[in-house]
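What follows is a set of structures for review.
Heads up, the next two complexes both have chain A, just with different partners, chain B and then chain C.
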Partner chain A sequence: MSDLSNSSPFFRRWDARDIAPLVSLAVLVVFFTLAAPNFLKVATITAILKQGSVLAIVAAGLTFVLLCAEIDLSVGMAALWCACLCGWLYQRWIGGGSSEPFMTTAAVLLVPLASCLLLGFLSGVLTVWSALPSFIITLAMMFIAEGSSRYLTQSKLLKIPEVLAVLGNDGLQSGGRVVVPYSAMLAAGVLVAGHVVLQHTRFGRYVYMTGGNREAARLAGVRTGRIVVACLVISAATAGLGGLVNAGRMTNVTLDQNKDLLLSAVACVVLGGTSLFGGEGGIGKTAIGVLTFTTLNTGLIQITWINDLARQLLTGVVLMAALVINGVLAKRR
Partner chain B sequence: MPVGDIGRDHLTVRCARPVQTTRRGLLKAASGAGLGLGALLVGCTASQSTGEGGRQRLRAAFSSAGLQGTWNKLGYDAAMLWGDLLGVEVVWFDGEFDGQKQREKIELIVDDDWDFCAFQAHQTGILEEPVKRLKARGIPVISMDTLLVERPRLREAGVWIEIAPDHAAMAEASTRYLMEKIGGKGKVIHIGGESGHSGAQDRERGFNNIVGKYPEVKVVGGGVRWCNWKTEIARNTFDTLLQESDEPIAGAFFHNDDMALACTPALAGSRHEKMVVTAVDGQKAGLTGVRDGLLAATSVNPTCMIHGYSLIVGQFIVRNKEKIDEVPKQIILPSPLVSKESGNLDAMFFLSDPRHCLV
Partner chain C sequence: MTAATETPLLECRRVGKRFGGIVALCDVDFSLRAGEVHGVVGGNGAGKSTLMKVLAGALPDYEGTVLLAGQPIRLNTPQASLAEGIAMVYQELSGIGQLSVAENLFLGRQPTTRLGRIDWTTIRRKAREWLADLEIDVEVTRRLDSYPLVVRQMVEIARAVHSGARVLILDEPTSALSPPETRRLFALVQRLRSRGVAIVFISHFIEDVLEICDRVTVLRDGRLVETVPKAGLDKHELIRKMLGHRLEAAEVGYETGVRLRARTRELPVFVAEELSLAGGFSDVCLEVSPGECLGLYGFVGAGHQELVQTLGGARRASSGRVLVDSHPIQPGDPHDSVCRGVVLVTADRAQSLFLKGEIYKNVTLAHLRRVAGRWLMRSREAGATRPVLQRVGCRPPDPLLAAGDLSGGNQQKVVFARWLMGEVRVLLLDEPTRGMDVAAKEDVMRLVAGLKQQGTAVILASSEPGMLLTHADRILVMSRGRVTREFADIETDKAALIRSA
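Showing the complex of A and B:
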């Protein structure tokens, strides 16, 4: 590998740690293809795309935060808040009527997203201003978002606009079956946009600089505080969008949604190879992490000879193995 | 119906024929539930007027697994409503679907002044120690829905009475209806709640009791898939299981309506579109699902009755100064099946309305 790395520009760019997540994904695909007869089918791939969409959207935003060496613990509850506010506004302004006026529906979708921007902005400003770790500020924001959701909905099930149900459940069809879900297309759009911003804009470079060495970045003239605020705003926005897509998939919103979203999203980003300590990683890696995580969950469900109560244990074991291999390869580099 | 069998150890209020019930019978069941509460209210009024401290306001501690759940929240509404009507101040301690948090909260309040307590444990056993301390102080404790401790040790631990539905019977009624609708053959999906929850275990047993009688029925994926009551996990599991069969899957049984309703959108436009879906809970969302054709049937899990009866029975015990030996160990509440044909849909909508909190 080292010889190849020295001889070819391609391999110089893609070292062992870059390739490890891809290898993990490939190993999982091969294993599940052999272990579950129905795994390698268009329908299963469609299911993986559907199930991974919300994670991909949320993980894309979280990647920005991790790249600048911060963390956003509020993504799951920001997603819940966005969906709850959407359901509450829908009930207030449209009232579950048969017609959904375009402008009202747009407002029902955009106001919650705007509120998520505000949550992210507050987290960012308070993190920078107080000089406390984002871990603490976003932890508090997590409680605020969850508490607000509970207070707003009063633990009731709320309906959401039909357009979200279509986004969460339908897609491009072939032979009467959904082949490419709309939610996956939206997730792909978010991932591509995130990739472009990180790799091809000045802001993206500043994110890497801030995460890599904040003091050096500051001395180089980067306003690192603003970068941190912007990343937390992006994270909250994608969390809100993910929450709306998830509620659409469920066709309603309840308080039990998005409980595992934070840890799953962090697992996806790290599984892809983005460093928790900042400055290293990217959206492409996050996409691979999401695919690996979703493939693992989907594949384990399809293996019928596994005891149902052992599935979570196996998920943990495989995740641990993948992360350790990534870590070991990173050390060797 | 409801039929009341008063045995030495328990009182059973159950539906005589939960599936093939006539319209008249079901309307009677619905009104029976209301009359039951009405009768208790009359008794309460009499008690208040004759008891020594009958008119004094009582104070009760309530806790359920987690108010995030719509089922639990309806129970909360019922306890609050009936508390207001009967002069009981209800102080609520939310379990937040976290056994440890619930335990810590209840531990902190056992030394306060309560006339009685009613708890739905997040998991059987986690509240045993605080309940024992309440027993030592002579405070009556009522077990709601999930068993506070294993049934043989209820009294030993300090639980006066268990008020619960028959989870196995609910699942049996729902599954029996499913089997009838699919003609007793084909593939079915079984989505479970939480494996450690006594109610979910009983629902699994109920499902298996019925499916075991139909050799031509195959459960997709080899058996129940536990989804911890979480709609997203249920949906992901359901989506994946749908890919397991190239032929249409005939039916699906869910341990609650929320999980079922989160999964039915996956059927639209698929080869499984005609799947018969049944579930358990029978509150507003599930009843609406039945009305709209998303669910074929749902068994009513009477959260308002469970919480409302707990409050009513608790205040009777206190106001009448009843002894522990004078109350039954168990009250099993009715859980009728609701479908478009059952004739009780409108009645159940009325009874489950949060303004009434009757079922």
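Showing the complex of A and C:
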């Protein structure tokens, strides 16, 4: 009884919904190339990679959460917390010293990441145990993380290990200029790892099925509670990592970092075509979403005849147009 | 005058509908007189629901013409159909349960006072009048969801009739109703008939169709087989028309008795001790041996469905315990049940499948480690899935299709394919063939019989006596949450079952 074009995997893989995000990206690239003469230069691409890497790392983890039909509102502040704790430990353990012993530096980086795992675990367990939406629990966690950061740093600017500054700003060079930033390489690594886990491990499959139909997954013997907890842990971990990279780019930690990281990350994931309702999407899509979002931001800055104050407005308008077009195409299927 | 009475109220001429290259409905003629109850029967995919969707305005680009009282009309939107007085009452819970009966009756067209506020006094008074008019005895201020399904259906019908519907389409109205409830609904249908409302009655339940309908239209594979008056039609003949050449697939009538088996001497593999679920059932004890099928019979709401779901871990029992091979299983934990080979198949496929996901993902879900190993590969999983899909008779057996693209019967086969990937020691079935056509039912129950032969213990909960008499070795009858009688080693029939429930 089924339509032929429907049963062929080739056609199924290339339906409009899957292509739409790619088309938006292509349209943006073509537009900026025409509108800004300097757009298609190595420097621009490097800038996009550098800017996009933090978003990509955070969005990769967030993709897990959205795929299992939950949300993590605490990613931005978890990132901030991670960076703040890192800065605080750095001041404590290494001080302003010129040498950074390897083990101490490793601890300064790993302890904050571990604390993020704990935050994610807490959000996850409370979400599952209380049966409240993760929206509520992670909203509270967002305030907790922000408050802890404020209390810990006493609103002071903190220094961070040199290695983070290198990670955030340096990269593979060619002709004396950074071409491929280390942060982009790290982001690529996170994306690939996320993709492999989602597509080729049992855990990844359980994430999709838990998001697609939680009751069905539960009845088939999947321990859906654990899957939700794991996804929130992953998301908190990538958020922490993103926070460290971002602090590295700035070469210090202040409380105004990562303010709009949460919403940008959600926009990236959804822009790529991952559903907010779970079960549909993937890391590949998130990567495209991040590129689109960063291209849009970078490109708008390069168009000189646009009023500075109008840029945010334009970003919002273009973003909404892209989201609506993607959404409509997805609905039509 | 004779011409006027002979003009049907609603007439379809050569109505057709295709989806892509698939012809779902082809050149169907259908006529409906005022004051007539007209049954529409046919297997799944016969075109019943397509035809009704055309009439309800849900399929704008149909072929052919629809005439209302001799005038051609075009039904391009549900609003257009409603404006012409054609209303459809769906089988799924309709209306908004949290609102009162009166509010539901006036949904979307509440009368207001001069100040623009909702006029509750009028709403309540009119709601009472309307329901009294149709002899529906409910309190209009109570919440709709405090009433059983049949009342909700009747309220929906009252709403349709009082908004001016002359043609009522009832989609599977009796499939979830107990016999007394069905009787109640039929009484309402008869009252409407005597007032000249034309009623289309779509059902899989042949007996119900034969009881209430004046004429019956049989569809098969999207084409009209025949429209016949009820007089002189019997069940076997009707089933023969529905199935065409596949006469042997017809279910046997159970007016005559069936001999049930005695309890086996074998050690039971699955035991429930003093099991209770608050608001569901209480103090149920049962045991099943390998290769035995225990039937659970009761009207809808008797607790037998909740019992199977609890046995399978989908719900957590409030007391008592369940043992497999004398090993207690964790209450309310399907993971533990599945690990011990205790498997639940529910009536609602949307509860057991990720419909947007590919079939192979749904099939391998429960035994992913065994089927797919450590590193999941789409091709390997699809390859492992295909033979099982063929074994269960899923059509088309294409693992890459989305599960939601399949018909209901085939979706249930996908659920079976999932469990056949591993060992099934105890198979728990909760109305496993609800809403399926005769052929698909037969396919699914053949799979159950196959598992039973291999030594699986089966528990089958159903509100269809025929189904239980065909497939169960012993039958427990449940009523209001308690086991009221066990039929074993005795000759019994439909009437005896219904009487003891």
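To be clear about the criterion, the second predicted complex is superposed on the first by the 322 of 333 C-alpha atoms of A that agree within 3 Å, B and C clash if a C-alpha of one lies under 4 Å from a C-alpha of the other, contacts with A are read in each partner's own complex, and residues count from 1 in each chain.
Operating definition for what follows: a residue touches a chain if its C-beta (ideal position, glycine included) is under 8 Å from a C-beta of that chain, and two chains touch if they have at least 3 such contacts.
Everything quoted here is computed from the prediction, not taken from an experiment.
Visitor: Between chain B (first) and chain C (second), which, if any, makes contact with A:260: first, second, both or neither?
Guide: The first partner, chain B, only.
Visitor: Which touches a greater number of chain A residues, chain B or chain C?
Guide: Here the partner covering more residues of chain A is B.
Visitor: Output check: A:38 vs chain B and chain C. Expected answer is one of first, second, both, neither. What do you get?
Guide: In the superposition, A:38 contacts chain B only.
Visitor: Output check: A:246 vs chain B and chain C. Expected answer is one of first, second, both, neither. What do you get?
Guide: A:246 sits against chain B, while chain C stays out of touch.
Visitor: Should A:205 be classified as contacting the first partner (chain B), the second (chain C), both, or neither?
Guide: second
Visitor: Looking at the overlay, does A:308 come into contact with chain B only (first), chain C only (second), both, or neither?
Guide: A:308 sits against chain B, while chain C stays out of touch.
Visitor: If we overlay the two complexes on their shared chain A, which of chain B and chain C does A:220 touch? Say first, second, both or neither.
Guide: Only chain C is touched by A:220; chain B is not.
Visitor: Which positions of chain A touch chain B when the two form their complex?
Guide: 38, 41, 43-44, 47, 50-51, 150, 154-157, 165, 168-170, 173, 176-178, 246, 249-252, 254-260, 297-298, 301-302, 304-305, 308-309
Visitor: Which positions of chain A touch chain C when the two form their complex?
Guide: 1-7, 9, 12, 199-202, 204-206, 208-209, 212-213, 215-223, 279-280
Visitor: Would you mind writing out the residues of chain C in touch with chain A in their complex?
Guide: Residues 19-22, 45, 312, 314, 334-335, 337-339, 344, 346, 350-357, 361-362, 364-366, 368-369, 372, 374-377, 395-396, 398, 400-401, 405, 407, 418 of chain C touch chain A in their complex.
Visitor: So in the complex, which bits of chain B are touching chain A?
Guide: Counting only chain B, the residues touching chain A are 67-70, 72-73, 76, 97, 195, 221-226, 229-233, 235-237, 239-244, 258, 261-262, 265-266, 268-271, 284-285.
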